[in-house]
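Okay, so subunit A shows up in both of these, paired with subunit B first and subunit C after.
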Partner chain A sequence: MDPLIYILDIIVFIGIFAIVALSLNLEYGFTGLGNFGKVAFFLIGAYTYALLIEAGIHFIPCIIIAALVAGLIGSLISLPALRLREDYLAIVTLAFGEIIRIVVKAEHGLAYGVWGMTVPPAIFWQGASFRMTLVAHIGLVFVCLLVCFIFVQLVTNSPYGRVIRAIREDEVAAATFGKSRLKYKAQVFAMGSAIAGIGGALFAQYIGFIEPYMFMPMLTFTVWIMVLVGGPANNWGTLVGATLVQLFSRGAKIMKDYLVVPFDPTDLQYILLGLLIIFILLYRPGGIFKERPVKTKALERVSQWKERS
Partner chain B sequence: MISAVALTLIYGLSRFPNFAHAEFMALGAYMGYFVAEQLGLGFPSSFVAAFLASGALGVISYKAVFQPLANRGATIIHLMIASIALGFVVRHSIGAIWNWAPLSFSLAWSSFDVGMVRVSGIWLWLILAALVLGGIMHLVLVRTKIGKAIRATSGNPELALSSGININRVTLTTWFIGAALAGIAGLFRAAGTRLSPLLGWDILLPTFAVTILGGIGSFYGAIGAAFIIGLVENVGVVILARLGLSTEYRMAIAFVILILTLLIRPQGLTRLFRGT
Partner chain C sequence: MEGTLLKIEDITKSFGGLHAVDGVSIDVNAESIVGLVGPNGSGKTTLFNVIFGLQKADHGHVYFNNKRIDHLAPHRVFTRGMVNSFQFPRLFYQLTTLDNMLLAARGHRGDSLINSLFLRKGWQYQEDELTQKALEILELLELAHLTLAPAGELSGGQRKLLEIGRALMADPVLLLLDEPAAGVNPVLGRKIFEKIEHFRQRGMSFFIIEHRLEILTEFADWIYVMDKGKVVIEGEPEKVVNSPVFYNVYMGER
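What follows is the complex of A and B.
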């Protein structure tokens, strides 16, 4: 295989997973919501996109609608689920992800069920080589990533971001200041789901074929690892985490051909990944990049004042 | 059912959902397989192997991972992630040792007909073992000192500590028993169907459903809930077929029960069993 295509492929995947990791970072890192059903919204985004593209709609509105549908379903789910304790929330979202997958698998009339569906290529022009379409995909994915990144940065560095951090730290205290924790959590959940939906749409677009078995709970955990490695509540850290985890799994796939071990190197890859997470949780629970204080006018003035004195 | 009882013990005590539970089951099944098939010691000895191996894994994982984490003030989410990570390590270690291809016990189960229903020997054994284990667990929890200590610690750790209970030892014992029971459950699952490293993972969520419907930490609730969910799943399949829906929703039934329980009655059935 052409090494250049391989590298470009990795870049596309880093972009897609960075988007999903950002959405989880918004939910878990900033608001403290343990969403273990990330894959459900990824799936919803992917299938919505695929069905709309098949209906012959231009791909840009398709991505937007996919995000809206995922966000809408996210907010519907969140209303009952967010009242729960955090471990219950995790189990409910995990179960929801599995239910969605089973429904898509069982309803053959909806999206071809187990057989999966082919997504018609949307980015295509006369005389385009494979490499050119790949570069076009990178462009699309990274434009979306940039939009999502700026969006999450703005949200989390605004007064709104300070409220959701306050809810993460102490729900009761935040409620005392008149901030409805349910309202904020539901909004964050909807935003996070919508962003994950964008990631799913781009995934469907790039892969060109989706089936229910692509959306196993494993995907959710991969995204969790990205956020934990990079540093929860730090968007730059999340980007780095997504890149590192993606490179690690790809690197392990390449190493497979060179490494001589008596068993399957894929197992080794997961064993190392598991150990890595345990070590991070034990010795560096803040991830590679620690959370930064919010940039505000008041904080700026305090630091200036500190420098002067 | 055994699996859910085991899970409920650990969940009640440690207050976080242990996703590595699935791997306790898988390890039990594989150790049983190793002893029974590869060493040729027969099926009964595989019980002992499954019990000891999974129990040891439970103790090791608590000592090496969960206790240090809890001492560092990790949140529930951190503990859950750690248990998932531990699950990776164990699952893929099993995969590396025994390969991913599904294995099966070479035991031939005699089956016989009761009326119109064909009953396989394994199911009778399963029911018998579940009853016996349930009885033993009941006696242990109610009659013995360690059983009382386990219930006290899971109810209120501080109070248990001040009453002179060695919480640390109780916690370790609970992890051992919980994991060991999971191993037995895994062994039965494997004997009834087949062996694969994903064996535990496949039934982890239904197990959670049983645990939560029964009320976390409630032994009797878990037993009652196991019957309810088993019954509802099987009746549900018939209803689904009548309604013209796909029987693939069978799995979804347990999940829906799980979600509904959490939404409507997060304490589960515990109240109903309070008298005991």
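What follows is the complex of A and C.
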């Protein structure tokens, strides 16, 4: 294969996964919600997008609607789930991810179940080479990534961001100071799901064909590794984490063709990812980038005051 | 009674067979410092949790400003003007001292998602004022040099002070303090109570659990003594401390 196409392909995937990792960072890194059903909202975004494109709608509203649908379902799921303690929330969301996938697999009328769905290409023009459409995809993905990144940065560096961080630190103390933990968590869950939905839509758009088997729980764990490696509660770290993990797993995939190992070489990727996460959690549990203080006017004010005294 | 701010009526709370709080009635007057003492396990903290809505009472009512609050969730009790501070500080340890203070502010417009995102002008001005106020309180508590340090880096005594400072930041009408002077050195303990007195004169009321009787009796207007979930005696500090009932509670029946 043309190595340039391979590199462009990696860049698209980095962008898509960075979006999903940002959404998990908002949920887990900032709010402390252990969402292990990330893939469900990715799936919902992908299928919503595919169905709408098939219905002949322009791809930009399709992406927006995919985000809204994922966000809406996210907020519905959050109503019962968020009353649970952290570890139970993890189990419930993990189960939800599997349930959604199995439902889609069993359903035949709308999305063709196990047969999968072809997503009509939305980005093409007369005389476009494969390479050029790839570049166009990169443009679209990175515009979406930029929008999501700015959004998450604004949300987390505001009084609102301060409240969700406080809920992560100690829910009871946050409630003591008048913050309704359920309200905040439900909002964050809805926002996180919507952003993951955007990632799903872009994934469907790029791949051009989706089937239930693409949405295994492994995808959720990959996104988790990205957040843990990059540093929870640091959005820049999440971007770096997404890039590193994507390169790492691609590298492992390539490597398996050249290595002689006494086990199935396709497992190599997972073994190395497992080692990576153990290594990170042992030697740098905060990830590569540390959390930064909430950046608002208050911070400026204090630095001014410090200079004066 | 005229000027009753907090009225606790016949509160009962059991855990299995244990009556942690057993038919307790207490009044806290406006602009007063009321003490609550008693041996370990006599139900003081449980009573505080029930008042603040952290635990549901099995029986009885709590009135605050003549309105029932015993069915409210903690964050609603907070909006009514009461603040609870914990015996063991529950700070937001990864956040800075400043953020801990700002989080306690009542009615910050930026706390809502829509305002935080779209009405930045609206809360930025407010945030400026609140920071000023936080700095004043931190200066009063001698924590100002730690404004931008993570709360997790504070020493035990400083954490205790921040826990109280955070409560003051909310401008409460009534403050529930669970052992404010415990675990800090005697000088600092006195200082804390002097600050409490300072804020009482500005119109705040305090309901305080405290084991350091020598300090409490000096500052409190009224003291309740609990034993095995019941109020056994109440009155002016001097009278209570010198009564035989009080002696029996701590030393056992003779």
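Assume the second predicted complex is superposed on the first by the 299 of 309 C-alpha atoms of A that agree within 3 Å, B and C clash if a C-alpha of one lies under 4 Å from a C-alpha of the other, contacts with A are read in each partner's own complex, and residues count from 1 in each chain.
The working rule: contacts are C-beta pairs under 8 Å (C-beta built on N, C-alpha and C of every residue); 3 or more make two chains touch, one makes a residue touch a chain.
Only a predicted model underlies this, so the values are computations on that prediction, with no experimental measurement involved.
Engineer: Following the overlay on subunit A, give me a clash-or-fit verdict for subunit B and subunit C.
Structural biologist: Partners fit side by side after overlay.
Engineer: Touch check for A:W305: first (subunit B), second (subunit C), both, or neither?
Structural biologist: Only subunit C is touched by A:W305; subunit B is not.
Engineer: Once the two complexes are overlaid, how big is the angle at subunit A between subunit B and subunit C (Cα centres, nearest 10°)?
Structural biologist: Computed angle, apex subunit A: 80 degrees.
Engineer: Go through the superposed model and pick first if A:S158 touches only subunit B, second if only subunit C, both, or neither.
Structural biologist: Only subunit C; A:S158 stays clear of subunit B.
Engineer: Does the superposition put A:S180 against subunit B (first), subunit C (second), both, or neither?
Structural biologist: second
Engineer: On the A-aligned overlay, A:Y258 touches which partner chain: subunit B = first, subunit C = second, or both, or neither?
Structural biologist: Touch status of A:Y258: no partner.
Engineer: What is the contact status of A:Y28 with respect to subunit B (first) and subunit C (second): first, second, both, or neither?
Structural biologist: In the superposition, A:Y28 touches subunit B alone.
Engineer: Tell me which partner touches more residues of subunit A in the superposed arrangement, subunit B or subunit C.
Structural biologist: After superposition, B is the partner touching more of subunit A.
Engineer: One more residue to check, A:D170. First (subunit B), second (subunit C), both or neither?
Structural biologist: Only subunit C; A:D170 stays clear of subunit B.
Engineer: Once you lay one complex on the other using chain A, what is the shortest C-alpha distance from subunit B to subunit C, in Å?
Structural biologist: Here the least C-alpha separation of subunit B and subunit C stands at 14 Å.
Engineer: Overlap the subunit B and subunit C contact sets on subunit A and report the shared residues.
Structural biologist: Dual-contact residues (subunit A): none.
Engineer: Residue numbers of subunit C touching subunit A in their complex, please.
Structural biologist: For this pair, the touching residues of subunit C are 52, 54, 73-75, 78-79, 83-84, 86, 90-96, 98-99, 102-104, 106, 108-113, 115-117, 120, 123-124, 127-128, 130-132, 134-135, 147-148, 166, 170.
Engineer: Which of the residues in subunit A end up touching subunit C in this complex?
Structural biologist: Residue list for subunit A touching subunit C: 154-155, 158-163, 165-166, 169-170, 172-181, 187, 291, 293-294, 296-299, 301-302, 305-306.
Engineer: Quick one: which bits of subunit B touch subunit A in the complex? Just the residue numbers, please.
Structural biologist: 15-17, 65, 68-69, 72, 74-78, 80-82, 84-89, 91-93, 95-97, 99-100, 205, 208-209, 212, 245-246, 248-249, 251-252, 255-256, 258-259, 262-263, 266
Engineer: In their complex, what parts of subunit A are in touch with subunit B?
Structural biologist: Interface residues on subunit A, with respect to subunit B: 28, 32, 34, 36, 80-81, 84-88, 90-92, 94-96, 98-99, 102-103, 105-107, 221, 224, 228, 263-264, 266-268, 270-271, 273-278, 281-282, 285.
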